[in-house]
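Shared between the two complexes below is chain A, which pairs with chain B and chain C, respectively.
Our next item is the complex of A and B:
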């Protein structure tokens, strides 16, 4: 235990804010010489400068950009909400491609989040038992998460190669699949491939979080329930699941955000194909900004995606908080 | 040493062993991509596609590694990319630790006007999706003249809020007694921060260091955007270019993948404890 058991569960910091707020009010009344009063500002200044330049200012700047038409060379031209209206107008190229990309991104979120939450949850329950070699298993499942998305994509493009890949080879040889599956060039295979490599790559992080969550549940709760005659399912339903609720919430929201940010895997394996069917919003934003040089339009897309992401996060947070009750 | 005892134990424990075998199979599947990457990288290009598939190369060779390393100067300078990644990630990480811990110490321990509002603003931006900042940050970095320079990879991330949040949480958990004692002995705020608080925060700093370094080392989109000069790329976008060069020469592609994967995999195996502790402490990844 001790300070290292703090985890940034949502809402944690709000509590700290409250506590700190009270302490802060008392202090402001005391007068100190200016040399002492500037010390705290000297401590926060380096971070604050970078924060204002690269975190806070871009939010304002990005919104301003989204209200302008700008090709990066001439002067920005104020166009009001035109960039947003274009996105909602299917007659424009932006509208057409944006909703296609938005649909693809949402599709990936829907396909990838359930396995990325449920598989590590199941594995965590298995590894939390007195299974021999569980530390070694944990290591193996976690190892891929330290790789970069580029390394992961290169490996999986080879494994999923239509004619020469390991996966099709085993499907042919041991499962009698007659035809080679075009994993990266046809639907629905491209989605299956993207989900597969993403699960392989990132599942381990969620596994570790679930294992930590399980360890936070006091053993005495289980003992008491067992004395009361609870069976395995009841233990899971009434002790494990409620105890894991904060972790489950955190993992689901974080995984959803990560899935919305899908970029590297399709960029390097499917190229967004076939026919833009796996082009995600981030891929489109990058093309719009750095290939077509439409900074305003790209910013508008980023804002719409960002707002959708925040709305989904809040919705998940609410839904999950209420849903898993005791 | 009786068979019967063993049998009795087996009868009692068989569900555990079934589970064990299942997990073993799954672990093998999980390790297979990495093992096959290594295996392919050691095969001559002509033998990467042979049926039946050989997991152990018949004639292991390092020629793929030699080829891709020899191609350093022109199109895919792997070693240069690796150096770019390592150099910028190291400096970036050191600066993040310094800048974040200073700010976190002030937010945790000092009293000053505007502190709570500022901290609330910082925390508010934790929820702003990073995608909203890519385009404006590119333009800001361009205006600063940092495109195609290491500065673009080192500095923008220093404004991140996560490290401040994490370290502040940790500082709040450290008892004040030592700091008070030092203050009575006449130590100034910077001395207290540097010689007392930082050493106590070592576990949190190590964790933050690992995750900052890894996050930077694996970052794909940002270096892809701010670097046009192939020599200035970091390893991940470099690998995308590398893939474009060797399209289906899988022996060479896998050698490149091994070179990019090996440092982090080895670091992970040695510092596993910190990784695992770190992820539960920070609850972030990917």
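Our next item is the complex of A and C:
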């Protein structure tokens, strides 16, 4: 899927489910013979092998690279922390735009995560009810998720074209908007456009997770509450929401990580403009690695981005993990 | 029941991500197979691997040429062509060369050749060219020069692809003119006459982004300036001529109002296809697409004197043949590769039909090429072509790369022209210097 993808990592979700079931079994484990003890490891082996090969190894290798100067062809030259120091020096080409890109990325996370969590949640609640045609709706909402980012970008470039786009045409014709809105070339429209196309494209994944979470809440709880005279809001507030908390935590963290990795949508619609206002860290890393061929410096940028993401994720876990009732 | 639903949903999601994964990689037909090294297996037949980025309709044209070459060289040389989108092409070839699995023959853009020569990705071809009896006289001068570094020739030009003025013949007639513009005054006058915002009809559309940097490159030279310092070592487009050229373009939008503001990339293409745009300036490579547009009656003209009157100039590019550095080159293999390159050059009139101008004089001067009306009109721009390249500077293109920033900052009124150009030049020179430090030795 590459860095252009913007969707949760399914393998991690399965890991999460596994971890939930693991808690009470630790004490029993020691007495079993090795043949039995090895079984769980065999179960996780397929994922583990891929994880080690395609995630863990590149991460470690990337860190080593970030301590070197390497143009992809010659021998790497050890430079210590120079690549990191460059990021804090406004006189270098790296320092000039890295923090701009980091700021833009954080801005997108801030704008995109709330709608990417709340809209699918609302839709999941609606689709979980006895609504007629809900199966058809599920498919419709999930459908854009199967598209590649290039397809999504092309569709939205045509829809949001300043002069010939369908969106501005409707706004002019039916809502009487006088001026064409520069969706892809000026602020704040470019951010709105990027959030819009990202929500349209990726909300299906979150919607499915919420639907699964909703179905795990036992019907008996609702029955009992109804007998006690709870109304719709109270059911949602005291049963649905607490029951969804693990899902909510997972969806929020995964969506945040995906939003940090924003690349394909701005790369193919705004081009990072206007004046680098929508250039994200991943876009800058790509230019640094494959336009300038500074692999070490690009790796250093990736590591700094990774650390920022980790800090944010830990903060989210802390904030949301309290009072989880499994 | 809930478990079953969950697993169904999971399966659906997994399928979805697989489909998306496939979608994301389509178009790079087996990009990881590398070179097949089949030369020795089939006896005396030499199998060549040929990589390029012709993923549009042009790829069909090149495939036809390759097929014809293979048919004529049955039992001797067989060429296998692989197309990779340009956006990934250069990443791929560097990776392939670094891992020792490079193809034999490749295509590179004129403004990339010197840098990849400097980095040791491609081979010097002096002896091969001599053996074929080819020389600078067989090609247009700037195209040949682009392949030179430190006294060696690294590439053989295939074509020349300049900017073109596409004009809607019907709209031009309605506006009361019977020929395309040749001066800045005419350009503005005709564009004004065709502009009618109430009908969504415009004289021109200046896109905020690609290919406006090519239009600017043409304009600055037409105003008597230059993208680089005379020695070619520094970017210098923040000169008074650069500011004046940019001002002319800016005025098309904000003073003469013949172009709407905030036209996104390809916005002009869409409007031109819809027949709502009088003038569109873009690469010659767009011609085939416009020809396929039903109901679009258009002509082409040079852009050489549309913006300034000091000197004629038109931005252009050029595809060039290169050989990649790798271990398994033999004398026979190299000869086969050069035979192929030479053969394509001789037959490049066929290539011209797909919207290109042959770099090789013998093809360009043939009656067959002169019969290609549009291509012949645009070939006149060869004499005063401008490139994002400079002699003796492998990193010149990096100096002009930040032009994109300046264009988007100015055309969305985030910055003044001088300030934006100063900033872009400073960044461009910094970029060049950083690469010179890293790759210079």
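Operating definition for what follows: the second predicted complex is superposed on the first by the 262 of 326 C-alpha atoms of A that agree within 3 Å, B and C clash if a C-alpha of one lies under 4 Å from a C-alpha of the other, contacts with A are read in each partner's own complex, and residues count from 1 in each chain.
As a convention for this text, a contact is a pair of C-beta atoms (placed from the backbone, for glycine too) under 8 Å apart; a residue touches a chain by one contact, two chains touch by 3 or more.
Since we're looking at a predicted model, the values are computed, not measured.
Peer 1: Is A:235 touching anything from chain B or chain C once the two structures are fitted on A? First, second, both or neither.
Peer 2: neither
Peer 1: With the two structures laid over each other on chain A, which partner does A:158 touch: chain B (first), chain C (second), both, or neither?
Peer 2: A:158: touches chain B and chain C.
Peer 1: Pick one for A:274: touches chain B only (first), chain C only (second), both, or neither.
Peer 2: second
Peer 1: Check whether A:148 is in contact with chain B, with chain C, with both or with neither, and answer first, second, both or neither.
Peer 2: both
Peer 1: Mind working out whether A:73 is in touch with chain B, chain C, both or neither, as first, second, both or neither?
Peer 2: It touches chain C, and chain B stays clear.
Peer 1: Check whether chain B or chain C contacts more residues of chain A in the superposed model.
Peer 2: B
Peer 1: Once the shared chain is lined up, is A:186 touching chain B (first), chain C (second), both, or neither of them?
Peer 2: second
Peer 1: Using the touch definition from the top, say if A:47 reaches chain B (first), chain C (second), both or neither.
Peer 2: first
Peer 1: After superposition on the shared chain, which partner residues are touched by A:294: those of chain B (first), chain C (second), both, or neither?
Peer 2: Second partner only.
Peer 1: Contact-wise, after the overlay, does A:208 reach chain B, chain C, both or neither (first, second, both, neither)?
Peer 2: In the superposition, A:208 contacts both chain B and chain C.
Peer 1: Using the superposition on chain A as set up above, list the residues of chain A that contact both chain B and chain C.
Peer 2: 2, 4, 7, 142, 145-151, 157-158, 161, 163-164, 205, 208, 211-212, 290
Peer 1: Could you please specify the touching residues of chain A with respect to chain B in the complex?
Peer 2: Chain A reaches chain B through residues 2-4, 6-9, 12-13, 16-17, 20-21, 23-24, 27-28, 37, 39-41, 43-44, 46-48, 50-59, 61-62, 65, 123, 126-127, 129-133, 136-151, 153-159, 161, 163-164, 166, 169, 173, 200-202, 205, 208-209, 211-212, 250, 254, 257-258, 260-261, 263-264, 267-268, 281-282, 285-286, 289-290, 295, 298-299, 302-303, 305-306, 309-310, 313.
Peer 1: Which residues of chain C touch chain A in their complex?
Peer 2: 2, 5-6, 9-10, 12-14, 16-17, 19-21, 23-24, 26, 90-91, 94-95, 97-98, 119-121, 200, 202, 205, 208-210, 260-267, 270-271, 274, 276, 398, 401, 404-405, 408-409, 411-412, 414-415, 427, 430-431, 434-435, 438-439
Peer 1: Given the complex with chain A, which residues does chain B contribute to the contact?
Peer 2: The contact residues of chain B facing chain A are 16, 19-20, 23-24, 26-27, 30-34, 36-37, 40, 48-49, 51-53, 98-100, 102-103, 105-107, 110-113, 115-116, 118-123, 125, 127-140, 155-161, 164-166, 169-170, 172-174, 189, 193, 203-204, 214, 217-218, 220-221, 224-225, 235-240, 243, 248, 250, 253-254, 256-257, 260-261, 264-265, 267-269, 272, 275-277, 279-286.
Peer 1: Of all residues in chain A, which touch chain C in the complex?
Peer 2: 1-2, 4-5, 7, 10, 69, 71-73, 92-93, 96, 142, 145-151, 157-158, 160-164, 180, 182-186, 204-205, 208, 211-212, 215-216, 269, 271, 273-276, 290-294
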